[in-house]
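What follows is a set of notes on a single structure, which appears directly below.
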Amino acid sequence: MLFKVEMTIAIPDSLPAERVTEIKAQEKAYAQQLQRSGKWRHVWRVAGQFKNVSIFDVESHDELHELLTGLPLYPYMTLAIEPLCRHPSSIRDDDS
Amino acid sequence: MLFKVEMTIAIPDSLPAERVTEIKAQEKAYAQQLQRSGKWRHVWRVAGQFKNVSIFDVESHDELHELLTGLPLYPYMTLAIEPLCRHPSSIRDDDS
Amino acid sequence: MLFKVEMTIAIPDSLPAERVTEIKAQEKAYAQQLQRSGKWRHVWRVAGQFKNVSIFDVESHDELHELLTGLPLYPYMTLAIEPLCRHPSSIRDDDS
Amino acid sequence: MLFKVEMTIAIPDSLPAERVTEIKAQEKAYAQQLQRSGKWRHVWRVAGQFKNVSIFDVESHDELHELLTGLPLYPYMTLAIEPLCRHPSSIRDDDS
Amino acid sequence: MLFKVEMTIAIPDSLPAERVTEIKAQEKAYAQQLQRSGKWRHVWRVAGQFKNVSIFDVESHDELHELLTGLPLYPYMTLAIEPLCRHPSSIRDDDS
Amino acid sequence: MLFKVEMTIAIPDSLPAERVTEIKAQEKAYAQQLQRSGKWRHVWRVAGQFKNVSIFDVESHDELHELLTGLPLYPYMTLAIEPLCRHPSSIRDDDS
Amino acid sequence: MLFKVEMTIAIPDSLPAERVTEIKAQEKAYAQQLQRSGKWRHVWRVAGQFKNVSIFDVESHDELHELLTGLPLYPYMTLAIEPLCRHPSSIRDDDS
Amino acid sequence: MLFKVEMTIAIPDSLPAERVTEIKAQEKAYAQQLQRSGKWRHVWRVAGQFKNVSIFDVESHDELHELLTGLPLYPYMTLAIEPLCRHPSSIRDDDS
Amino acid sequence: MLFKVEMTIAIPDSLPAERVTEIKAQEKAYAQQLQRSGKWRHVWRVAGQFKNVSIFDVESHDELHELLTGLPLYPYMTLAIEPLCRHPSSIRDDDS
Amino acid sequence: MLFKVEMTIAIPDSLPAERVTEIKAQEKAYAQQLQRSGKWRHVWRVAGQFKNVSIFDVESHDELHELLTGLPLYPYMTLAIEPLCRHPSSIRDDDS
């Protein structure tokens, strides 16, 4: 089942620069692995912001919770989550 | 270029039921035509709400304005629009 | 899967009193049928308000959408929806 | 009498990791003790968030205050509290 | 048990002036009866507004719901309700 | 003249525990002295929160300012203040 | 004692134009009479808006309530009211 | 030309007490000099808050910017600014 | 002196279509006359919305008030107004 | 294509004064270079605030993202971004 997730990231000044670089690399690896598995369907960056718009496809709310709280950047994120379903006007089979 | 558009619809009670049915049919036809043209890339319904989350791919801001204000349900919509760009972690070629 | 749904109801003055009585009776019958089916797990009234706090247990987001938009009072509701999962501290087997 | 309580938790970065682990263990023990006593009727996690939705059943407002301020995570919580009563459409005897 | 209730009143223009006068008279009679019974402990007007700040003392949330929804002006009110308890610094015996 | 004052208190983590204990003791002593003088008419705790609802009776706005800014916890408070007057439906002589 | 009052006016479309003209004339006469009495100390228009910023000087909260609710445009106003006192840096004797 | 400026001040705990005293003395001197020059027409304290309501009379927006950013307390202020003009109902010549 | 003005327009359904067409034509003529006079420096449409972002250059707040309230669409607008000044980093002589 | 960008800047107290001076000089140089290139069309300061209103003209959302995140003050900014298009009433050829 599908969820729109918007992640807004605010990394505190106090985090050392190397640690930030390290976390971002881990985040990218983890994000790409979830995309390859089909769980993280889409991810777009919001222009000019440290924020993304994502579509997740999960088996359960427990799985959604695990995937999101497992994100290396999770402690620095504000999340907005909305359950989605197929739109009756949609013509794409892969959007359900 | 890509935009996330969220459309929340509130049809006033005063609109006659047949008119509502008619507008919704026009909306669906127009939405599917825009999807077929590739301008309206994705559309999902927000579960439990009269609201959708959409991704548009347009040539210009003028085109975005024309497409959205041409929606038959436009007079009854509240729109939230955000410019998107390819996410550096994205692995999908068709999300840029 | 579980959702918390909060429904705040505002019936317009223009709706005739008999129609209101009729809709409320339909709402009650429909709500009790959904409770009996196990789909609508809990419903509490917020004291002093025309508002309830509910727990739904559905198979899919489509089902959630259908159940909620099928409510006779749906056109007069504002809905707040949040996906829930079992809490690791919970001791009740029937809260997952 | 019943209350819906929503607890959103934000633990400051400055708290040492061992202290966090310790407080969470205390929180879990305390939460389960209150559940066993029947005072904390339900607790669900909001998917993707460090937040729960709970139902408390207390004798008085003083008792509610004591139970909540006694939570080991209380200093790191934002609380939203609403008084509930039995819904006239409810069919569950144990929801009053 | 005590509740602070703030009632903000907005009577629609469409209500005939005589009906408004009638409802206000009923409201006053009902409010004074509840005060005499001890259920409605205090009521103050907010200066310059059609709004009051009240303290209720009720046996249960059901009773609170009944008293408030029974107010003749209830359909035109927005209510803000907060559960109160005795303050540890209070020196008044009648404020618990 | 009467004012409703709501005080929400947030003490920073950085304040040493003994200092907090000391300030709270001073606050209690000052609050009780103001109550005895009749200036601080009522004080209730909001259940589950570090917040109170109070009624002050002062001679002037200057006096209100002095009393409130003199509170030992004042530097840690957010205040919401509203001028009150006797409600035409009130039956209590001591609420004006 | 002094109050800052901000009045934002929204006259409904349904009010006939002559009635609007009439009410505005009454409002102006009443406002000037209150200014002459010294009760309404200052009034400025917010540029580009149907809104004013005013300073009132009244004997009591009851008087403030009477003056404001007596305004011919009162039914169409949203009011924001704040109690003022002399500023310790002020050099004007007439601002206390 | 006239502006209403509301200044809300929040001095961080980390600023040493002597530095605060010093800045406040500078602020007072500067404020009184601007009042004497006629640029800062009125200043009132909001009762119970570390906030003022002020009326400025400046030659240009550049001058307004310079005066405000020159305030010793400026780094600790949140400002709300609105352009004012003479009210057609005003009877005071010195309020334009 | 410069002001940023944002105008969001909401024309009520009840206004007849011909009247809307007429007002929009008047608005356009008036807007172009003000642009030619140099008072209305810039106007851009916000894509997808019935909203514009404008820069005005006026002699006084009174003039700003007159120009804006003289707009044929003014009764249907919500306005957000901010005073601007030349930015110290600006390289355009015509932006002051 | 055009965007309105509003940048509100809040530099933390912890940043050393020399570092602030350095960053501001870099910001000014970078801003002027972008203005010369035609990418940053307009910039105005909001009077009394550490905030600007800007118009950008970019080739793509990726370019907008790069330009904005490349600002030396970017880590200390809150950004509000809106896509613009030519207004049908505009008479300036250089505002499209």
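Letters are used for the chains, namely A, B, C, D, E, F, G, H, I and J, taken in the order the chains are written, and counting of residues starts over at 1 for each.
Everything that follows uses one rule, which is that a contact is a pair of C-beta atoms (placed from the backbone, for glycine too) under 8 Å apart; a residue touches a chain by one contact, two chains touch by 3 or more.
Computed from a predicted structure; not experimentally measured.
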item: Lowest number of touching-chain links that must be crossed from chain B to chain E; value: 2
item: Repeat of the F-G interface, chosen from H-I, C-E or A-D (over half of contact pairs identical by residue number); value: H-I
item: Separation of chain H from chain J, taking each centre as the mean of its C-alpha atoms, in whole Å; value: 28
item: Whole-Å gap between the CA centroids of chain F and chain J; value: 45
item: Where chain A and chain B are represented by their mean Cα positions, the distance between them in whole Å; value: 22
item: Contacts with two or more other chains, residues of chain A listed in rising order; value: 2, 45, 47-48, 61-62, 64-65, 81-86
item: Contact pairs between chains, per stated definition; value: A-B, A-C, A-D, A-J, B-C, B-I, B-J, C-D, C-E, D-E, D-F, E-F, E-G, F-G, F-H, G-H, G-I, H-I, H-J, I-J
item: Residue numbers on chain A that touch chain D, as the complex places them; value: 5, 12, 14, 61-62, 64-65, 68-69, 75, 79, 81
item: Residue ranges of chain H in contact with chain G within the complex; value: 2, 4, 27-28, 31-32, 35-36, 42-48, 52-53, 55, 82-92, 95
item: Residue numbers on chain H that touch chain F, as the complex places them; value: 13, 45, 47-49
item: Contacting residues of chain C [partner chain A, same complex]; value: 1-3, 60-62, 64-65, 81-86
